[in-house]
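Residue numbering begins at 1 within each chain, and the chains themselves are lettered A, B, C and D in the order written.
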Amino acid sequence: METTMDTDKTLSKTLLEFQELKVHFPIHAGVFLRRVGEVKAVDGVSFALREGETLGLVGESGCGKTTTGKAIIRLVEPTGGKILFDSEKMGKVDLCPMTRSELRPIRSEIQMIFQDPYSSLNPRWSVGDIVAEPLKVHEPGMGHKEREERVAWLLEKVGLTGEQAHRYPHEFSGGQRQRVGIARALATRPRLVIADEPVSALDVSIQAQVINLMQDLQEEFGLTYLFIAHDLSVVEHISHRIAVMYLGNLMEIGPAEVLYRNPIHPYTKALISAVPLPDPRKTRPDRIQLQGEPPSPLNKPSGCAFRTRCPYAEPSCAEERPPLLDAGSDHQVACPIMMRE
Amino acid sequence: MHGMMSYFLRRLLMVPITFILITLMVYAVFRKTPGGPIERAEMMLRQSQATEGGGGAAELTGGEGLTKEQKEQLLKHFHLDRSIPVGYLIWLGVWPNDSGHFSGILEGDFGRSYRYNDPVLSQIASKFPVSIYFGLIGYIASWIVCIPLGIFKALKHRSLFDTGTSFLVFLGYSIPGFVAALLLMLFFATDNYGMKIFPLGDFRSQNWNAMWEAGNYWWCIKDQISHTIIPLIAYMMASFAAMTILMKNSLLDNLGADYVRTAFAKGLPERRVIFLHALRNSLIPICVGIGNALGLIFAGSFLIEKTCNIDGMGLLGYNSLLERDYPILLGLLAIGVMLRLVGNILSDIILAWVDPRVRFQ
Amino acid sequence: MLGKAIYLIIVLALGTFLTRKVIPGIIVRIGRLMGFRMRATPITKKRLQRFKSIKRGYWSFLGISILFVISLFLEVIVNEKPLYIRYKNHTAYPAVRELAAKWFPFFNISTFTSKKDFGQGGTSGVDYKLFKACLEDSKNFDPMIERTRKRVQRAEKSLKRLKPPTKDSPKSKREFYLAKKAGLASRKKQLADLLEAKKAFEKGDAYILETLYPWSPSSRRKDLGKMAFHPPSLAKGVPLGTSSNGRDILTLLLYGFRISLSFALIVAGVGYLIGIIVGGLQGYYGGWVDILSQRFVEVWGSIPFLFMIMIIASMVTPTFLMLAILLILLRSWLGITFYIRGEFYREKSKDYVQAAIASGVSDWSIITKHILPNSLVPVVTFAPFGIVAFISSLVSLDFLGFGLPTGTPSWGSLIREGLDNIVLYPYLIITPVTALCITLFSVVMVGEAVREAFDPKVFSRLR
Amino acid sequence: MDMDDQRPLLEVRDLRTYFQVEGQTAKAVDGVSFDIRENEVFGLVGESGSGKSVTSLSILRLIPNPPGEIVGGSIHFRGTNLLDLSWDEMRKIRGNRISMIFQEPMTALNPVFTIGFQLVETIRLHTGCGKEEAREKAAEMLSLVGIPDARKRLDDYPHQFSGGMRQRAMIAMALSLQPNLLIADEPTTALDVTIQAQILDLMVGLQKETDGASMLLITHDLAVVAETCQRVAVMYGGKIQEISPVIPLFEEPLHPYTKGLLLSLPHPDRERRKRLPTIPGIVPSILHMPPGCKFAERCPDRWERCDREEPELREIQPGRFCRCHLHDEEGA
């Protein structure tokens, strides 16, 4: 078992790797607005994305999953750590210290799909212009006609028609808008796509269409997805591997099947058992009902961030942040106590 | 709470900085431009010479004017012999003046008027009550009119009453206060149209004080009221339209809010939902205006006091401008800026007080 | 009369055509040259449609804008100087030249026409009213001829009294005599010219084409007699009366309209431009730029601006441009910064901007092509109310005597005159105040319609 | 099963609520009929725009007018038609006999009054008890819904509560007078998964404890329905397409729409990363509903009759209703 997993690992190379990524937002207060502290939105997260896989990143609101995704393309400024990206154009580079102009050529390789299909498209631009914008930036040599053809081709790829390029966002439904957003993300032929809750704003019957589309495109173009979501059942369906975050820390990461069937971290267990099942006959016998609510990231607990709500917490949990421990079969858990058992 | 305290401390710190910046700027402008007290004194002297002597020669040639000593004396008197920064600091009261004392606005000494050689503060103090009288009554009156009107317009949104009064509101928006005063005076204070009901300007009748002393209180009150009405309407015009619309829109916004639906779902009577839940929220933006009105009471009066010939701070400022009476102008400016700054902070305090959600950072 | 009616119709038609077709076309061209798309998006189209459907606002807008565009050509519509004047082989276009001089102040365009070129004798400016009167009835030459003849006679008499100087006479005496003689000659020539002119006029060798309303705001109505105050009278040809110094109020109001509106437009336009730049920088970059500049805006906003302008105006007589700059600096850019800052903050956090940033689009493109077009609603909805405020500011300053220099046609100074004569001449208040209020009211109507069209509030409530 | 013989707590018949949008009529709720029995949790599921929320608001007559209006039908609550009641009579039912919880806990509470004030206000309004007594009761309710240190937190303003706690406070307010029917309109949509689980457990727990209370749960999440409800109505295009007890609905859905919805859900028991079966097309605009079956243009099983004629909602199996021509022959 372990050997096969290891060969799997070597087969696909690492595309992007976080090493102790930190994103802290300063808090200013006092008469002279001195910096008095910081919100540790992402507080030392390390994991890697392999080429061609879908990595699901889950957690509750405020856990830092979106911030992690946005840090890659510098929509938020990382405070520390490294983001190593295996760029086609520039080789292996650390994205963190790069300036915006240095980053620009790499942006074509990393694109993002956003959550809200309404605010993610400029209401004053036609759909064709929206999809063409990344092309204008990254392939400025492309002629007008060629660009139009490319846009039409992209729109058809995501299940719209080329004629719809002249329409405006408000003429489309939520699901169609999300398709436009996907077409925009694919315009520059990226290798990594960060999908930030791409289906959570969509209706149930539309969700499945978009999930299928994303999977088809992944196969066709060999995309790597960082799939950020709060909905575990969707993540479980689409991901090869799943990473669970809580209050800026990575709690557990492993293959979707393993993590879903045999979660080790108490938080993962609670999270999975909290998801209602669309099956009235099934009730979860082992439901772990979490008490209370997540503490504010402003005053994060010392040591393990989860210990204040953890049913298995021990005094030692308060001492230091538990490291990620290997649980076999490509599975890592940041909980020494559960690992002991 | 801690954040709030430091927010207000920060705002308070801004007050002296702003105050000094503005007054220093104006002080420097006054000092740098011709037409100061010396020139004025000379001009007055020449005029008196001209009228007394009857000869045009002195006027034409510039005459004797002031002697050198006289000039120096005057310069010293107004601290004009000092450099601009020092002169300013003396005015402020943090630099000793010629007699070695600190005597500036910080000590409550605003200097002396060029024109009357009176202390500035007593000049201003004598006009202050008049301006406050109109400012305050005008503001209260606009509350009394605008808030019920706004509420009623919101409740009868899109009705005939609403569109009808909207016309009034737009009219109020398009007629400046002093123009309204002028029109009202034209129609109701002159005999042109046979409707002379009110007196033509002035704060009170000439013989008011005498009548008061004679015990004619009823006459005095009637006289005061008849002198008040036209300027009062003019004062109200300034805020009538804006406040009515603000009240209406604010209430309409709140009537559509989710919590109003909750209140209805709880079974509360409509009156309670509207007049307690929605109104309490929609009065917030109106209350916040109180602080800013403090400055308005002062600044809005130039035009109306000039139009209605009311001897308040506005008219004092206007006349001082004509007379280049810089100490008075600086004094008025200092008080005006102070009121404005304090008003801004007051607005914030009121907001923090009426809206529990507000947390200033 | 028919001529005037046709003239009026042409003016109105041209004004409408300019306002509705030519000027929008020019704006679109300029926008395209500057690299903007200038194509109405469905959102804009919908807003424009909604605006047009609000009739009173739309008609007010059309009325005000057409009037304003027409008023830009007031010199050829309301002017004492004629459009065209001809006498024998002398022709001139005084009104057209005045308009050109106004529009191109850097070129030296003379508008002076000399009397002697147009058969009136003398070297001062042509008396166009007299020219017109003579054209209608050549008897009007007679007093002039009589006067000149008397002058000739007087000159002859005084010359006769003088003994012709001999060679021995002092130089000064000789020169004096020669000058007298030359004077007599020129008088005679003048007389001859006048007589000739009368004949020429009778023959129809002269022509004058007056403007629609041939009076100017800069000179008094001499035709009405010496008295200063003339109440409105259609029969006398002063529909709105004259001011205290005998000037025609209608012309004052019309020129005042142009000054007030262009003042407000400049103040609002430039001020909002500054406000957009400052607010945009604050909102887009945030951080310390934002905090510091906000404090500055706060300090700056605490200056009592009207008082400040009055102080400055009391020391130096301000010009139109100076007043505009003062009002821009002290006031008009402030209010809008706050709103633009908020809009920029909001739009910047929206995903479409984040997507553009993630694609590596430059800051300039993001600001001008993404954020700015989506954050102009407050500018558009505030502009009409800003214009109302700035017109009022100018009127107030003029009213207090700290505005435009005396002699400039301005509503404020007219209203001030009204206040000074409130008891005796009520028309002096009523006409300018009516003009002011109608203008402001129309702009308010436009503003209300724009607000309704751009920011429609759907109020629903439970009942 | 003697429950079925009793008269249901709430009978909605042919309810129609229309909205005027830009001169057009949007039939948000168009002939909806269902019953809610005593002591049951009834689920109303549908996608956005299906009319489920408007249905729930219509029951309490909380439709903003304009633009909305209840144009027809009847809502019998314990025998009285709520639509016939005067405003004042209706008021006595609201919050007292029927109470409601809304989706957005952030905006549903008045921001300028304390939680305690808003709770006490409700209690005193319907019971007429004293201030102290009402406060006592309010504190009791708050601790019942799991807010620690309840007495102290009565003096907090809504913004001092977290989203989950606000929703708890809303529940406390709704249950404080032991209503016969609790309407919960997407009560957990705005909340995180673990908080959602807490709130659902709390609601179901309280519903079981309080005798005779029924609950109408409006949601778009079929999984939530599966966990909490006894019977379900599925809405689409302003109409109810299927009503069924929960277990047969999930095991053998009758309507093609329900079938499609269930199949398109990602499910842990299903093979991972395989294409999900989907419902093609998009939800039709509420302003341009097709004349026949509302679902026809997305239906895999449609035939020409579906476009032409709207099927009736009829009982296919005992207790199971469906609006589909496929079942016509079976029914006939």
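One rule holds for everything that comes next: contacts are C-beta pairs under 8 Å (C-beta built on N, C-alpha and C of every residue); 3 or more make two chains touch, one makes a residue touch a chain.
Remember, predicted model here, so these are calculated numbers, not experimental data.
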- [ ] Hop across touching chains from chain A and tell me the fewest hops that reach chain B.
- [x] 1
Task: Chain whose Cα centroid lies nearest the overall Cα centroid - done: B
TODO: Report, in whole Å, the distance between the mean C-alpha point of chain B and the mean C-alpha point of chain D.
DONE: 57
Task: Whole-Å gap between the CA centroids of chain C and chain D - done: 66
- [ ] Could you grab the centroid distance between chain B and chain C? Build each centroid from C-alpha atoms only and quote it in angstrom.
- [x] 32
Open item on the list: Where in chain A do residues touch two or more of the other chains?
Closed with: 33
Task: Residue numbers of chain B (touch at least two other chains) - done: 256, 261, 264, 270
Task: Numbers and ranges of chain C residues touching at least 2 other chains - done: 460-463
TODO: Work through the pairs of chains, note which ones touch, and then classify the graph as line, ring, star, complete or other.
DONE: complete
Task: Residues of chain B that touch chain C when the two form their complex - done: 14, 17-18, 21-22, 26, 29-30, 33-35, 157, 170-171, 173-176, 178-179, 182-183, 185-186, 190-193, 200, 249, 252-253, 255-256, 260-261, 264, 270, 295, 298-299, 302-303, 306-307, 317-318, 321-322, 324, 329, 332-333, 336-337, 340-341, 344
Task: Residue ranges of chain C in contact with chain B within the complex - done: 295, 298-299, 302-304, 306-308, 310-312, 314-316, 385, 388, 392, 395-396, 399-400, 402, 415, 418-419, 422-423, 426, 429-430, 433, 436-437, 440-441, 443-445, 448, 457, 459-463
Task: chain A-facing residues of chain B, complex - done: 2-3, 6, 9-10, 13, 361
Task: Residue ranges of chain A in contact with chain B within the complex - done: 28-33
Task: chain D to chain A touching residues, read off their complex - done: 47-48, 162, 164-165, 192-198, 200-201, 220-224, 226-227, 246-247, 249-251, 260-262, 264-268, 270, 272-273, 275-280, 282-283, 298
